[in-house]
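Two complexes, one shared chain (chain A), two partners (chain B, chain C).
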Partner chain A sequence: MLPRQRRKDNRSRQQSERSNGFRFRAQLLCGFMVLGFAVIGLRLISVGLIPTGEPDISLDIVAALPAERGNIVDANGELMATTLTVNSLFADPKMVLDIEDVARRLPTVLHDVSAREIRGKLAKKNRFVWLKRGLTPHQVYAVNSLGIPGLGFREEKRRLYPQGSLATHIVGRVDYQVRGMAGVEDAFDETLAAGNEVKLTVDLRLQRALHETLATTMQSTGAKGVWGVTLDAETADILAMVSLPDFDANNYGNASPDKWLNKPTGGVYEMGSVFKLFTMAMALEEKNIPLSEQFDCTKPLSVGKYKIHDSHAKNSWLTMREVFAYSSNIGSAQIGDMLGAKLQQQYFASLGLLDRLPVGLSNAAMPIVPSYVRWKRIQTMSMSYGHGIAVTPAQMVAAARATMVDGVWKQPYLVKNAARMPSHQVFNAKTVASVRELLADVVDYGTASKARVAGYKVGGKTGTSEKSTKGGYLKDKHMASFVGMIPLNNPKLVTLIMVDEGLDGKGGGGVVAAPAFAEFSKKAMALLAIAPTEKTFEMLSDYEQTSVKHAQYSNLEKANYEAITAYFTARR
Partner chain B sequence: MGLFRLSSHPLVHWWTCIDRTSFVLVICLMAIGAAISVTASSAVASSYNVDSYYFASRQVMFLAVGLVLLVFSSLLSVRGVRNAGIFLFLVALVGIVSTIFIGSEIKGAQRWIDFAGFRVQPSELMKPSFVIVTAWLMSSEVGYERMRGFILSGVLLGIIASLLMMQPDFGMFVVISLVWFGQMFLANLAPTLLLGLMGLVFIGGGTGYVLLPHVRSRLMRFVDPESGDSYQVDRARQAFLDGGFFGRGPGEGVVKNTLPDAHTDFVFAVIGEEFGIIACGLILLIYGVILMRGFLNVFDAENKFVLLACSGLLLLFGAQIMINMGVALSLLPTTGMTLPFISYGGSSMVAVSIMMGFILALSRKRRHGSVTERRKY
Partner chain C sequence: MRMSIGVIFVVIIAAAFVTMMHVKNGVQDLKAEKHAGLLKRESFQETIRVLYAEKAYLARPEQLQAFASALRLQPIQPQQVVLLPHGVQASFGQAN
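Moving on, here comes the complex of A and B:
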């Protein structure tokens, strides 16, 4: 019977009118529904036939068998992180017949699980409790041999770091779902998760040498922390990066959170006198000041209400060379003032000191710099000797490399074949050559005599900054640093080492950081098989040493002869 | 056929009166559901560490139960449908209230109660039964009675909404309110009143958005996929693309390995991948035909209860299909809505079977109420 026929049925006019109104509304709703179905039909066709344009999440490979997370290896292919399949023991408390029996027998094969713990877990009403994660095959066999009902194993993926604490801040960590949470694990999570290997520029041999050296330094100076970064002089690849105190990468959770921070990329510090390196280079590049130009360093410099002192005060006129070698704040401030705020800001920006610098880890701290309006005369002067600006050690070493090695700023990075920021020229070759002379002075007769390495010519700069606190500086809490390169005439490595409150906070750059640099560089030269080329000061006979000193003295300006003699006498 | 029609057996009478096409199409859907459950649930089964046919065999059992319920409820008279609806409504209400006290929590929501070894989700049953109750309350021709009915059903909606928010089950709340508004519209409620009420529900939805973090994050992810993890949706889209016209072939799909709800909320994506969009279109067509046939019957319904109840159930049926497919096709934000007769799940199977049974019962060709009465031709 057709609907139309039915309408002929015996109904009152009123009823049919009412039902017509209803009919219209029902048709409207029905129409909406047809529209909805049509939309779904069209969508089905568009989704099913038109690619999304996004890269194919190749379900065939990824989804059918989720790829095992890729390894992390160092530059020589040495394993730094890998994934293992382990078995984890669980229990279904409802299926366990005798809790006491389990509590008594299980600890006999799993020694780190206590009977008390087992009783507690099995008393729960859940249908699932973990008893122990990550068992060895032997332990699995032993547990199975016990034949306890209600226990079972589940396969789990466990991330393993064979190097332990050696490069813990570099590799980082993963969470319990094996997703990257820190370090390279985090920064290259997608690559690793897709099963690809990540190869680092880090050379574990150098990493070991640096780690060992810094650990010794930390112990002998009683410092709160010691960290360092070594760059390949030519490419700016990060070859070693250590941040102490550290912890075993396999045991992230048990380490106290203050150790988690990778200071070279995650901390910002006022670098102190090592910044004079940039001030000198800027002056050489822009003003073409001869190294023999003299500056009045006879008394502290007054600028408004501030007073600039020297820590190694000579109280005399110093040449530019000496300003650097003796690390005179007064002299540097004058040079900085001569250059002016605008130029300083341009150069700092060009040296990558004013913005976040990523190096291939998940964290890159933002440097603390004065805003444009607050970048005034006094700020310019204090920044010329490294105060009033805080940057990460990674930024510092990258800028130092550019200034000391080839005048070209390159982004330091620790993953091989990764895209980097474009490099750019900052200083010309002439400036770099002069800078190297200055750096040699510091080591040869300046503040960094302890940075000397037998057989190699070394250049570098010490830094000692007072640690800042709320509204001021702590006179007796020092952050010591040394940035240097070796060998001076054919640079291979550029290294920055920082010591936080060494020798009860009194340790300066020349006393605690420079010796660490020397020790590390000595090991590194041997590891990289770079033959000694120089007959350095230490390798000379007593007679030769004396004549070299005489030669150096005669090079110096006559006016400063007295002061320098006094300086050397005092140092002996 | 003539002789057959003359038989006096009630089942024969039933067969001659019901919408046979729709009935057969529902049986088809059930068969498709059984087939899909075998392929779609195997991966889920392995992740739960149970036998790989565990879900499939349970689904076949649910289908059998569903078929019995379908036939049984389609045998009911109009009065029988009304009574059954009211009874089920009370059962569902008690059930939802008890989930709050004795419910088991799954994935952050307390929607299920353990009953005789099964996890039962009472809110599924709430959907069709509330439609019947609303239709019953609004069916009076007398003005003030209708007003009373409207107020009463509005209060009930408020109660149900707040109960669903406590579980929380935002998707279910949206569907139930949508269908209720549809019914109010059909009952010719004053448009201004209806608009005001819609405003109220918007406020309720807004509150849900503010108070329930998972609702907010889902909506945000839908509006701006970059803002969060749109993993499921991306995978589902990829599945349709990989399936193309004819699919990879039964059991050859891989999306089910990575989607946790492959056998329930995202079953449409599994079908798309393994059987292709032609099969998906066919399923859409089957649903469409069932709905259209239902509406064509409703247009000529003889009393107000029948028309309100039947069109309400059809709306519910359609909304559920559109929401489920819309989610799988990333047209709508993710919500736990099942695809009738195809998604895995006992509670949902029972609910949709009863719902379809009611539709068949209400759209049955009849002159004088009950089926058991002899027809006089």
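Moving on, here comes the complex of A and C:
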């Protein structure tokens, strides 16, 4: 082979090898690029089309914010407590040019901040002082209009109670860090703090009716305090609960601490004769005593060193229904004695009178009852007419509801759809029917004539107890009460009203508490649109009423009273 | 040939980058829009809360009673409540 030819071949081979090398590298590069684009393409598809489930940053920010404290609303959704953002006014004293100018001008728009207070705060060496917290939008505008340098606003969360003092003891209050301190705010703090709404069983219309009635009673009787609870007769839901004196929930700091206590759940009281209701029901249930059974009430009953008297002494033998209607302690004590301590304990326990009863508020007082060891004969007799045992009004009204309405004890509660203690049967239907007869007697011709409501049959029981101190009972300081239901034949409401030292301490249940019950019930029946079904005493003419009253004054008993009332109502 | 392949690659890469940037910007805009929407929602919710509270304050029973007194309106009396015959009640129930 010629050398030229050989060189040419060598060159050609080298070119071919170089070409092969280049192709290989190009293919490699292509491969990488295809792979790269494939990755990018796949990523685009995954980002654009396939939901990744990765958390959204902006949503994270929103979720990270603390939840707004939930509202408290009544049974009809009316607002009782809410949280709003408010502006609070602060000052940087070093930036304030003229303290006197601020002290002079600021009180003209913030009337509850004094010039002296402002001077004091601005004289401090701090760089930050609060001048007033929780301003209204109008006040913010007014302060801005002053154009004072060195003042500023900071947004804060504030709990507001639009109903003011109407349900102050129910909603309760929060502290400066918006944590529950009392009432539903405290009992349902976790639920509210998580942003959930709490719906109450309370009906603000009935709450207002009860509040207004009790305020009038307190004013007219000069009582130290008046309180009441109304239950739905069927469910035991608390529809209204008022404790007077009260205070504006938005301004609890200015209220004296003695007003903070919600007496219906936080106070324990000797209920007096309203307890006879349970004694009668127990006797009817356990001993099947006929209502015509007679008891010797001719003279005070002596038990050891104690003597039991009657406040409305008849000094005669009384039937069981008369014992109840005339509220005879002597007769009740005999019935209690007949039942015995063990039975009484069992029934009181079954009626929820011996243990703390929570109703959805943070304060549920413990009842004061004698220990089982000290529950002797005299205690049994005195407790049969409501002395020697102190329970909360909420316990009392729950036990009364069971005895008067359906014989089933149900836990009264303030919050809808909350878990409650299990209900249980205490009295049978026959006992309940007999109890209702007794309750009607009390209103028709017994101690509670002032509890009558025109157009409705009412049943109830009065109670008057002497207040106790460390040294014993105060003869001239009475706690008056009335527990009743309306309408008697188809109960809708069960209400307990208590009056503390009404009429200079002399007011009894029939005089001060029963009229309040009647007044409230009248309003409630109209609000709940429950039509009157009875031709009652109040619907008779003046002449007819006088005749009926004459029959009562003539000491004619129930049969005569009923006959005369029936005569007049039939004539109409 | 090498030149044209190289140009195509560069163009494709540039196009991919532009597209990616465009998509990214779009996503950022949408996120900002969503965030603004959430803040607006918060603001509306606060306004609703204020109005709700104001309504509750103005319509509290005590206030309404004062207005009613000023207008000489009387509360409903029980005697004004009547029971309709059963048939009429039933037809009301159906109508509702």
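Operating definition for what follows: the second predicted complex is superposed on the first by the 467 of 572 C-alpha atoms of A that agree within 3 Å, B and C clash if a C-alpha of one lies under 4 Å from a C-alpha of the other, contacts with A are read in each partner's own complex, and residues count from 1 in each chain.
Just so we're on the same page, contacts are C-beta pairs under 8 Å (C-beta built on N, C-alpha and C of every residue); 3 or more make two chains touch, one makes a residue touch a chain.
Fair warning: this is a prediction, and the values are worked out from it, not measured in the lab.
In the superposition on chain A, A:Val373 makes contact with neither chain B nor chain C. In the superposition on chain A, contact of A:Ile45 is made with chain B only, not with chain C. Taking chain B and chain C in turn and counting the residues of chain A each one touches, the greater count comes from C.
After overlaying the two complexes on the shared chain, residue contacts for A:Gly455 are found with chain C alone; chain B is out of touch.
Looking at the shared chain after the overlay, A:Phe37 reaches both chain B and chain C. Looking at the shared chain after the overlay, A:Pro532 reaches chain C, while chain B stays out of its contact range.
Contacts of A:Gly21 after superposition on the shared chain: chain B is touched, whereas chain C is not. In the superposition on chain A, contact is made by A:Thr85 with chain C only, not with chain B. Look at A:Leu97: by the touch rule set out above, it reaches neither chain B nor chain C. Overlap of the chain B and chain C interfaces on chain A comprises residues 26, 30, 33, 37, 40, 44, 47-48, 56-57, 59. Put simply, chain A touches chain B in their complex at residues 1, 3, 6-7, 21-23, 25-27, 29-30, 33-34, 36-37, 39-41, 43-45, 47-49, 51-52, 54, 56-57, 59-60, 63-64, 66. Across the complex, chain C meets chain A through its residues 2, 5, 9, 12, 16, 19-20, 23, 31, 34-35, 38, 42, 46, 49-50, 52-57, 59-62, 65, 75-83.
For chain A in complex with chain C, the touching residues are 26, 30, 33, 37, 40, 44, 47-48, 56-59, 61-62, 68, 78-80, 82-85, 160, 162-164, 166, 204-205, 207-208, 212, 453-456, 522-523, 525-527, 529-533.
Within the complex formed with chain A, the chain B residues making contact are 182, 185-186, 188, 234-235, 237-245, 254-255, 257-258, 272, 276-277, 280-281, 284, 287-288, 291-292, 295-300, 307, 311, 314-315, 318, 322, 325-326, 329-331, 365.
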